[in-house]
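The same chain A turns up in both complexes below, where it pairs with chain B and then with chain C.
Take a look at the complex of A and B:
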């Protein structure tokens, strides 16, 4: 490795390690340390309550479902923004980023106002028997909302730089629109889609601000783990129980992301030459 | 199957990519579309493939309207410059693609597909590579996979878009001969798009030279080289010298000399451009008249020597190509004075009635225009030239 683009390998490595160590690993290590100092019995007592188990399943189940929806919706959005030309395309493009910039609490309150039974959208859904605010559907909606930009923004540059020729080759070989999408385009996009999925998933798992407003936080029904953690912190001086829940979330998130990563590597097996 | 292209036009906004292009391609013929970039050759190819639509014109294949068919239904095999292989599929899956996407009723059985793939890979000499991915192949191998993939659908027309453009020079030359033989043995009507004249002249039965969306000339490789129909073709194909001249009283006034020879009446009093290839500039045999010149540069290129000359008269620069043997026999060096003959000049008169005329000057009667030196003559109503 002679000609390096960035000068000072030592310096850049140092900055990288300091960043990872000080800003990412240190707080996580403190969390692990704190929770590890509690005995297994405390752990079990904290995690095995029905309320916590329920919140865990909602947090991860909801996040997985939201990430899947984001992946599909994001693919559609990115596709339209990249491959089609229509009036106000640039404006739409800019709007995609809004969930990034909006304080999540604002997003949560706005969504609640819209989907509450008397809200602008909620009043039309109410007669259909669909209630969004204060239900698990609402939790899902908030999670989808905050995760969508991740998928769109990871896909967009890849779609833009994608060669058109393989699609044209497929066309001349007799493939129909669906076959071209399914057999040619989707495999080329799959690694990027998975990256977007992982990002949206991570975001949804950690989401707090917007969810707590729309969910109504009904124990055993619409309560997410981050909320439980905050409650445990608020309820007393001891940070132990909160640390346990935090550690559980951390471990579960890590496992899910590792799984996505493995899937991604398997998916990219054809790019490795040799 | 024969292809008849009639009056094709394609515009992109104000830019005319194709202007009324007509061309007949015989069954089993290998036609090369040759031209610089932007000449419209790729546009024509994409229209034939169904990837682009013309604004005007028709294309018929054995009487059937090709343009009415969707690209999917045309049975046209297309090979791209950058292979356009499906990177996520193995070699065998790439080749089988065109068979697998057929509607269920027309799809061959799994075993038939496998047999067909094996046969095609044998044909393109890639047996044993079935399970590799494109990223694990060399450029030449990838292009052969692309060819096998295109052949799998048993196309009635094969289109090659700069197929060797991304390959090393050596691989390119080897693949050329191989592809030519393959095309002959299949008897497949083939259109090759290229900007490489060597490729076109070597592979094609007929060459179509294109420029700015128009066809400049259609002919066999020999015709294209020996009898260029337009100044563009003369300039584009091979190496060329161009001299500007004027025809007056049955003489060609060229760079300070008056040359006699057969000149048609219609060229009288017209400005012409005179073109000749370096090999048509020869040393005058001993005792024969010729044009005095001085060698300004000698460049040995293998058995041939490229010689830059300054002609007496107005000092026009031209290039000749002589054999190494000839150069050493006459002990020629830079600075040597020589007498040369211009064997054959192709004259093009442009303007209202473009015309082409082959002129063989008589060197024994050529005279310098010394008496008129310094005077100006009118070359056309717009141009004054000093003789």
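Take a look at the complex of A and C:
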């Protein structure tokens, strides 16, 4: 009998399948089933309206932009937390997780209170002609907020276990800081960075709680797809139209995540070849 | 190979997952599924009713009220929330339950006054001193005015707001459906923030300081003024507005399942009785009982109203025309 940390294969597999089946696959299959039973005409009528297209572009465009910002900010933050020692570092480290734990509605209300035209920060931005709350900028802000810990927390362990030798070798060979970053560090971090990016992106696409407080929810301007889905559900009657939008979100998210995966594979091949 | 033992082990967790039996409440508990701004009202009603029931029958009962957006609450009951009674913002949300066989389609004629023990109306809350001189509906579409009202798709209260504006425009001299539509679509262009619920809209106006006027139910407006202090806000009553009738009903299928029919019916009767009517009035809902209405007349400004039935027929019609998927509100929203 081999020594195993976890119970045997049968039980582990059973738990995994039950979990995946009951909690992930079954609801998604029900969604696909419900929306597939509607027929192409309904689908087209639901998806092709200007309002839905606008919401889709805001949800995915905003999430992409937020994930890029998260990737850059997260890299910086993880770097500072891992490579530098400074007072209150542990506190800062703990703070990173806050967006994970905070109920998203609380985050949304807090951000709105800060960035509303009469809020603590908003009142200083107002004279500069910048309005954050109730604009697309606010949507972006909320999405950046909820996605940031994903990048930091995926990068941190990798940065910590990164060996210093390649960097030191580069240094002795006369590479400048920018060269060391681009030629040595970045290739080693790229796969993890992409994982963090994908996680932040997925989180931002599905984010509802915080966005609806700060966005103002104006049709054709700051309305995200999850809110459209809720609207279709709340106006009573059939769940079909909401299911169609849900299925579209699901398919689009799947495509985006597959693209990120492909990028990662391509990157690995490229790094190994180079 | 351990093949024979693999299957039971595989099934064990699946079985565990399936064995989530729903614990069923005994006949001494009552769940009232209500909409958002009735929080304060039903907290008091639940306690008063339980005390009265104890006095009459000697039985201890526990009444709880769940609050949320009216449409969401209705869907929750459809999806299995075990409500004994529903007290929602509009009749359509209970019609939807009747469509699924949870109660008879003619539920609204079972209790007096369209099954609405208390009413309110749609009024304006403006900043103290009314700096923008907002007197009536036409002022809301002036260039310098920003209006706060929640999203009619997600807020039952906001649907009444929409219908109040529509009804006012349609009932003017020379008014028509076309003119009403033009007015309402202009109105929504003056809305900078569309909150998903009535409480959210109130917060946006009161706490965030956004907008010049909040379209609100009279009870919410009076409550906001009481909480924020009368020196912060004024209430403006428009020349004509809608009488809002939030209905109540026993959910037959579920009370029979729980054995709580008698209790649930007594609970709703309590709302019509003097004690319940007093609580409604104290929470700024207009009571139906003339005696109680007279007693609290001073706190309510005079208001001229039309009813939903007079202007729109019934809620089912109003819902399909204006708020269903692809309805008038959706068309207006896309035109922005």
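Operating definition for what follows: the second predicted complex is superposed on the first by the 262 of 274 C-alpha atoms of A that agree within 3 Å, B and C clash if a C-alpha of one lies under 4 Å from a C-alpha of the other, contacts with A are read in each partner's own complex, and residues count from 1 in each chain.
FYI, a residue touches a chain if its C-beta (ideal position, glycine included) is under 8 Å from a C-beta of that chain, and two chains touch if they have at least 3 such contacts.
It should be emphasised that the depicted structure is a prediction, and the values quoted were computed from it without experimental measurement.
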Would you sort A:51 into first (chain B), second (chain C), both or neither based on which partner it touches? second
Regarding the shared-chain residue A:103, is it in contact with chain B (first), chain C (second), both, or neither? neither
Looking at A:220, would you say it contacts chain B, chain C, both, or neither? Reply first, second, both or neither. second
On chain A, which partner's contacts cover more residues, chain B's or chain C's? C
Quick check on the superposed pair: does A:157 touch chain B, chain C, both, or neither? Answer first, second, both or neither. neither
Name the contact category of A:61: first (chain B only), second (chain C only), both, or neither. neither
Look at A:171 in the shared chain and tell me whether it touches chain B only, chain C only, both, or neither; answer first, second, both or neither. first
The shared contact residues of chain A with chain B and chain C are none
Complex contacts: residues of chain A adjacent to chain B: 163, 165-166, 168-176, 179, 183-184, 187-188, 190, 270-274
What residues of chain B sit close enough to touch chain A in their complex? 49-51, 71-74, 76-78, 80, 82, 84-89, 97-98, 101-102, 133-136, 146, 149-150, 152-153
Touching residues (chain side chain A, partner chain C) in the complex: 8, 10-11, 13-15, 17-19, 21-22, 45, 49-51, 112-113, 116-119, 133-134, 212-213, 216-221, 227, 230-237, 241
Touching residues on chain C, where the partner in the complex is chain A: 2, 5-6, 9-14, 16-17, 69, 71-72, 74-75, 92-93, 96, 151, 153-154, 191-196, 200, 207-210, 319, 323-326, 330, 333-334, 336
